[in-house]
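The data blocks that follow each hold one structure.
The following pair of complexes shares a single chain, chain A, combined with chain B in the former and chain C in the latter.
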Partner chain A sequence: MKAVSIPSGTNLTALYRELVGDYPKFFKMDTLSKLGFLLTEMLLQGTEGRFTPREDRAVLVFSRNGSLANDINYAKRMEDFPSPALFVYTLPNIVAGEISIRNKYEGETSAYVLENYDRQLIESIVREAFQDRITRDAIVAWIDCRSDSEWTAQAWIETK
Partner chain B sequence: MTKVYCIGEGLYTPLGSTVDTVLEAVREGKSARLFDRSGYSGASFFEHIALEASRNALKGIEITPGTGFVLSTTKGNVEHIGKEDISLAASAARIAGALGIKTKPIVVSNACISGIAALLQGVRMIRSGEYDKVIVTGAEVHSDFIHSGFDCLKALSPEPCRPFDKDREGLNLGEAAAAIVLSSCHSEPSSCHSEPSSCHSERSEESFEISDGVIRNDANHISGPSRTGEGSYKCLRYVMENVRKEDIAFISVHGTATPYNDEMESVALYRAGLSDVPINALKGNFGHTLGAAGILEAIVSMAALEKGIVLPTKGFHEMGVTYPVNVSALERPASGKLIIKLLSGFGGVNGAMVFRKGGAQ
Partner chain C sequence: MENLINELKLKIIDALNLDGMTPEDIDNNAPLFGDEGLGLDSIDVLELIVLLERNYGIRLDSPSKGKEVFQSVAVMAKYVAENRTK
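Presenting the complex of A and B:
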């Protein structure tokens, strides 16, 4: 099983330029979404038939801190004129939405928050997600973004 | 496949804390969106209401070592941001601990469809055979944080919200908690200790079964609903594989009363061939309760079908969506044996769930 990760503190803009370069929406994403976007690029680049709309692949994102890093960014700007875009990223599932938009995944997307990185529990939840009658595989990611410079980020694909 | 039943339902809302009280309030067209917090002095109002609703749902039900816990919320304790650990995982652990749950809690935070996503997670946990009961609790409290966000999105209505109405101007935010206990057995406690097939009780006549559920993404935009209602339509198409249209008593739609959401839902219902099925929306009574909405609205809808009625859509007067839909402006008799609950949310997520009346096939 192919698995990818992005070390904490990596320069994400540089990584984006190296891997993609032509998806300007990247720059409005929060760190959590940037990490999810880049992890899936690392997983999927060169895959045959990529970007063809499909309903049979789920995107399941796990973490301990959810959108907390961006919640803090938003709370700091609340008193002034916060941008609507910044608020939307204060939800842990937006990263799954960004991955879906990029890859045209029209299947199940969900975000789970767990007390810690518990591979066994994650595997059970992924297996349970395969009860969906159409889902055949899933992009699974543990992206725990503690701040804009400190995170654990890894992703892999699981098949039913 | 293992059948999964709702064996306990609990509410804690500004309109009341028992299912009967809340149902009557909705029938009378009452509305209350925020709690009166005077008299509360604890550390976390969010965890307090989640616990109250959970305890109400658990009345007469025993927590076993194999009981799971799923929490549905978007922002949890965010009102305390900057002052303490507001992580959703920590909240879930405290709530689970207070309830005496021994398994590891799971938080589902899937924007405004969290309630359906959490119930679906609970249903799947029962079907996996690894849990004998799962309590699924949805809760959301109002905060400056959430208000500020929806305000800057220009999604808030200055007036009481008007789902599907031509003069709708946006949503009202609400707060509430709601909980459902799921089990493969119809009932609690003593009659059920072995195979699901051996479960017999008085309650089996009335327990609703969650017979299907699904989540689909629009893959279109993170904050704007799809113009073609793509994800919501796909959800309806999925659940309709196992539903006869004439069996649907009503569809409890998301109906936030934002111009885009309601329009999108009308497109999805039309595409699914469900324009003539009665629909209603409860946001005019409770406001949009975010992570609690799916569970709260499901419980109230089940109680309505039990009484044989389709609840009124408070705030709706004149049709304000492009595609034909059969909005219940006033209470009317329900015919049919199941309810479909619909939700949509930021991140392009949509969900649908089927609640089948006890004994109905």
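Presenting the complex of A and C:
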């Protein structure tokens, strides 16, 4: 099983410029979504038929803190002007959407906030996702973004 | 005009929280919206409207005017130069 991770404190803009460079929407994303976007780039770059629309791959994202880091940024910004551009990232499931939009996935997307990293629980949720008749594999990620510079971020692909 | 274009790019980066983006990343004539250029969307229009009003005293009365003004940074700069009140 291929797995990738991004160490806490990595310069995400530099990593984006190294890996991608032509997806300006990256700059709009909050740190949680940037991490999800970059993890999947590391997982998927060079795979055949990468951007062909498909609905048989799920995106399942897990974390402890959800979108809390961006929620705090948004709360600070509300003292001046409540920025709609920040507001759109005040939901922890947006990262799953960003991954799906980038890769043209049209299947199951879910975001779960867990009390702690629990691999057994994650595996059971992945198995549940495989119960439908469509999903054949899943991008699974644990992205716990504690602040814009401190996180745990790893992703892997599981097959039915 | 070049100074105003650069100033606008910096203000857009700040207003839209385009963390890590530099003015050099924004082509003067590239579309601000859609997949071809900066990748902005309808949510970002509100931020740009506020940016114009706060910094240059320009009020846009209709969404269609925004569509016209926010075609590119170059178009935006020309409109600001011709209509600013501060």
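By our rule, the second predicted complex is superposed on the first by the 160 of 160 C-alpha atoms of A that agree within 3 Å, B and C clash if a C-alpha of one lies under 4 Å from a C-alpha of the other, contacts with A are read in each partner's own complex, and residues count from 1 in each chain.
We adopt the following convention: a contact is a pair of C-beta atoms (placed from the backbone, for glycine too) under 8 Å apart; a residue touches a chain by one contact, two chains touch by 3 or more.
Fair warning: this is a prediction, and the values are worked out from it, not measured in the lab.
Q: Check the residue A:L35 against both partner chains and state whether it touches chain B (first), chain C (second), both, or neither.
A: So A:L35 meets neither chain B nor chain C here.
Q: Of the two partners chain B and chain C, which one touches more residues belonging to chain A?
A: Ranking chain B and chain C by residues of chain A touched puts B first.
Q: Classify the contacts of A:P24 with the two partner chains as first (chain B alone), second (chain C alone), both, or neither.
A: In the superposition, A:P24 touches chain C alone.
Q: Looking at the overlay, does A:S83 come into contact with chain B only (first), chain C only (second), both, or neither?
A: both
Q: Let me test your reading of the model: by the given contact rule, A:Y16 touches which partner, first (chain B), second (chain C), both or neither?
A: second
Q: Report, in rising order, the residues of chain A that make contact with chain B in one complex and with chain C in the other.
A: Common to the two interfaces on chain A: residues 81, 83-85, 88.
Q: Under the touch definition given earlier, write down the residues of chain B that touch chain A in their complex.
A: Contact set of chain B toward chain A: 74-75, 78, 81-82, 86-90, 92-93, 104-111, 117, 121, 124-125, 127-128, 130, 144-145, 148-150, 152-154, 214-223, 230-231, 234, 238, 241, 345-349.
Q: With touch defined as at the start, can you tell me which chain A residues reach chain C in the complex?
A: 12-13, 16, 23-25, 27-28, 73, 81, 83-86, 88
Q: Spell out the part of chain A that touches chain B in their complex, as residue ranges.
A: Contacts found on chain A: 53, 55, 59, 64-66, 68, 71-72, 74-75, 78, 81-85, 87-88, 90-94, 96-98, 100-101, 103-116, 118, 121, 124-125, 127-129, 131-134.
Q: Contact residues on chain C for chain A in the complex?
A: Per the touch definition, chain C meets chain A at residues 15-21, 25, 37-40, 43-44, 46-47, 50.
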